[in-house]
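In the two complexes below, subunit A is the common chain; its partner is subunit B in one and subunit C in the other.
== the complex of A and B ==
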């Protein structure tokens, strides 16, 4: 880091408002080389006019999508909009991308989802109503089909949310090309309905703007406020969490499940989230400290395929928060301020806040801190270090839906986190003996890892242990801050119950199964 | 208010709460649990086979003192023999006092002790001389970078002299957590790829190294030392405040305050990190000068010494840009400045 500091002769030039400052005249202007700089994003990168900056900003967004070739033409994409600057900017980018001339037009079909988290953040009903009114106003201006969902609706989710659907084969470059070609052909043929021209978009929007019909998935009508009982249950759940760190993680988990459910229910195969480069760097370091090292690539990469059928995409990951703020300011992108769960919390209150403050502070001393961390995140691989290649058969975490990273056998911290408390609860002599005799005290070797771990405690019938057994390391640590798991939404408990039963059945019939591979055993 | 009873033996009064779990234990139960955990780490990781001759890197500080003590307790069970190896970096006013502590420990525990000095190994360079040499160049003197690399070499050399088959160091969980934080902040994918395993199995002729205390947090190490009434040296090195590690250490302390398990969580993360194959460092070769493990043609220790001997100490560290341009005529072609070789963790 010291070298990084040295490479910059002087601290980064301050960002400027449209009125140029004396020091700025000397900075060369990028791209067009003429005119006075208007915006300085980094030391040395000045933009002379709003248009230059806009071109730069838009190009970044489109390049991110174009480079990764993940979003097929005509595909339905759900934009996760929180009301904050980054996701607002993302919605605006999509809106502009769709209205551009045909050659450069974005070709996917967007919808917007807004999750109302007021109950978790302790907002009063009046404030929530006010926020929702603002949100609706903006959504109507945008004109995409939209879904307003209250976080309370997690209490109506089906357990199936937590199951990964069969993984679709990842689109290869060839598949993408073919899809684009067929899309273009369709578009050029007169009379077909394939192309979403403005009138048809408007028409579609007319239909879809209606609240999604109340289906078997138990979603409430989003126009009405959620039931008071659910609001109370939700705030009780969040009040019972002992630390802000765990609260933030829980909120994130529930929100993801809800968005995932809405996306599935309405046939969206991609979800776009608006995390900026700065946000992702903070998230990376935070998740590292939360013990989620195995999943960093999923949590912060461009695309997140852990759910199988719905892929989460992060197209804003090249934009720094500063760029976003300037863009929103210069082009009057509307956003809604909603107090988050950590608003006004002191810096020491949670790992998230600490990490954010630390990185931003370091960033002022060493201006490339965020980009360094962010670039490191691109070098992370999604496969676990000793990949078992049987992704579908491995148990997934009940909350974050990642492959479990606590398989016991050779992992030393699996010991560090769990068995250590187990060892120290024993009598000293037996502890020493136990440590010596069973290097792996958790699972009997002949049983598959998760099932093996699950058997003992579950037979004792402790529901808490049963849920914990199906969590990854990081989620287990979080759930330690939740004194009673009973207040979790029912779909989580139901799924845990189901898995436990399945594991039990599997054990019952174990000796009759011809164990060829793990996958076969799982389906049996 | 009387202390609660120990939750393990239920006989004695509890004397502490474990930082990790909040469990109330008496001193004896805590020490037994601590030892059991180290034993488990060694056995589960198959770190030290029976009949191993183990060189304990002893600095006189709390970590190595606790490590030596625990391994001495466990040595009959593990069937290993111990040998203390201390390194004299030549830091006036700091190392002498620490070495005195090591000598007292060796005498009390009746363990053989060997001291190797930088001055003997590296052609007269002591850390004080290095610090003087680097003082004029740039903002930071990078003492810890030199010291870390050279100490690793010195420890290896000392271990060979006593005929050891394994080296153990006292790195605790906090050290590992700091290292992974630091590597992310610096974008050091090479070191991240090497990962948070329990040590290196000893490739390329180097002795196998391991860190049996890797899952013990610093607080527990201090508690163990306290309850076993261990005598150790607890001053910070005079050059340490200049190190970048300070940022990571500071952050870690805050994280631990917000969530006591944060240190272990970071160690778990480090262990589970997966990097794309391109980010993994190439297979190390051997140094063309001393034959030690090296990822370039000179190992980092030789490269640093080379820079020092030529009066351009910063050549081999950092991006080396300042020195590179001017350095051409005087250096032999093979001795060009090395980018930071991803070889060691630069502080103990």
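== the complex of A and C ==
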């Protein structure tokens, strides 16, 4: 496996024998005869010298992109960069991939987004400013268009973020081939073969180095720190969450919505996240424990099409964190350390931490643990998107945007019973509606269509019920740790209300439709 | 009797937070009866460098799972892990790969 990259120079003449560990008889690196062994990659059966580790690492990244054929040439791809090791490594891989010779060059058009989560993690304004300065410095070095977004901006998001676009994500094998061909043709039409290559490269790079058209800040807000009121609201929201588990989930949800919004606003059709194999194995186990088993394939797979028009891709999913850390150290990949929400938290503070500690400890004794869990995630298959109007036919969770896995009439499980009793206690109307009994509207339908009093079963009741009924099982459980849903960003509440209103109208219409067809059946 | 050693101990990936945010420590290990190995070094670090929450860095007699150890830029698994005998001017780097450092 040290032969993965074909051209890493002439083999050196002198053989530098490493002192092999007891039990390490087969050392593939010796075939490579180059440099000193540096890292044991997996289960003690392989270790690589510096150069061939680099070739191996880069090959893995490109193979992951190549074999999945999801990223089309010329496509705009947003790299979600947190400053951490894996996503930094990802950005660097893309940077290197774009500067390689023409045959191997990556052909998509990248942009980078950094979400400043300082307010949620309780960082002081000074620390945040310091982090941002570091971040900007690195972003300028990278030279891709970049978007620096504060998490506070979730308070300005439109409810439309939560709607799944009906647009089918482009991407069948045939379409990919056609796209590559047309891209190559486009490239080859101007100029002659030999001379054409370098100007086009320069042109492309020039284009990449341009600042984004709307300046560095991604959203509508002008440059500068977010409004103090929003920072306040955000930290209040996070302070009110009772458990670290729910905090982490909430943070992840809000971050995803924000990235999604920026991607849509700037025409990016793919988002790359830097989740490593180790991280994904931990995520798989964590999500199982969180009751998100139904969505494992989306949450941990290579591509995640749940948003419709914007596909999340995880190109680092073959790299273990150990490889990433070594690569970043050996090749001086810059990264920014920002304290996360769980920094210095004890091991049992959240399900996430507990799972991490559990898997990593197991990994030290059984070195195949992470890869076994990860391979399992690879085998999970997604239910196909059935029709074009998925967005309309299937309700989606307000927070994770997955298809709702909660059956309204689910009384077979303890949870189903619990939620339905909870809902009916809080809101008699909902229970009635769920049971198929139509409640008497408080005003005639003509009057109460859009703005009238029928709009507000929510307003009269608890917004909690209104939001909860649009959540999947896992998100419902998490929201139990949030005493008041009022502090959620307005777009979530607005969308919940809108959906309830729509469901209301739909039900009304359906009643007439059924009556109609019954009548027809009778006459026929 | 091992002579005193001068080594560089570095922390990264967030592990430095447990050491007052200082990444590089140039330390001199005093001479002692038995030779200095990583096992002893960890005990010494716990006593002399570690500022808070030792359980987040050391578990049992080794580092916490998820913290990588590099000795002179090479994986400690190649060098005998806890039994590696320190040489003068060695660089020992601890990188946390744990979420949140």
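By our rule, the second predicted complex is superposed on the first by the 376 of 524 C-alpha atoms of A that agree within 3 Å, B and C clash if a C-alpha of one lies under 4 Å from a C-alpha of the other, contacts with A are read in each partner's own complex, and residues count from 1 in each chain.
Keep in mind that, in the parts below, a contact is a pair of C-beta atoms (placed from the backbone, for glycine too) under 8 Å apart; a residue touches a chain by one contact, two chains touch by 3 or more.
The shown structure was predicted, so the numbers you read here are calculated from the model rather than taken from an experiment.
Touch criterion met: A:321 reaches subunit C, while subunit B stays clear of it. By the touch criterion defined above, A:485 reaches neither subunit B nor subunit C.
By the touch criterion defined above, A:345 reaches subunit C but does not reach subunit B. Residue contacts after overlaying the shared chain place A:164 against neither subunit B nor subunit C.
When the shared chain is aligned, no partner comes close enough to touch A:129: not subunit B, not subunit C.
When the two complexes are overlaid on their common chain A, residue A:337 makes contact with subunit C while staying clear of subunit B.
Subunit A is touched at more residues by one of its partners, and among subunit B and subunit C that partner is B.
Of the two partner chains placed by superposition, only subunit B is touched by A:382; subunit C is not. If you check the complex, the residues on subunit A that touch subunit B are 1-3, 5-7, 243, 245, 284-285, 287-294, 296-297, 348-351, 354-355, 358, 362, 369, 372-373, 375-376, 379-385, 405, 410-413, 415-417, 419-421, 423-429, 431-432, 434-436, 439-440, 473-474, 477, 480. Residue ranges of subunit A in contact with subunit C, taken from their complex: 18-19, 21, 36-40, 44, 47, 85, 278-279, 282, 321-322, 324-326, 329-330, 337, 339-347, 352-353, 356-357, 360-361, 363-364.
Of all the residues in subunit C, the ones that touch subunit A in their complex are 12-14, 17-18, 52-53, 55-56, 65-66, 68, 70, 73-75, 77-80, 93, 95, 97-101. In the complex of the two chains, the subunit B residues touching subunit A come out as 7-9, 18, 20-21, 23, 25, 28-30, 32-33, 35-37, 39-41, 43-45, 77, 138-140, 142, 173, 180-181, 184-189, 192, 195, 198, 214-215, 244, 247, 251, 254-255, 257-259, 261-262, 264-279, 318-319, 321.
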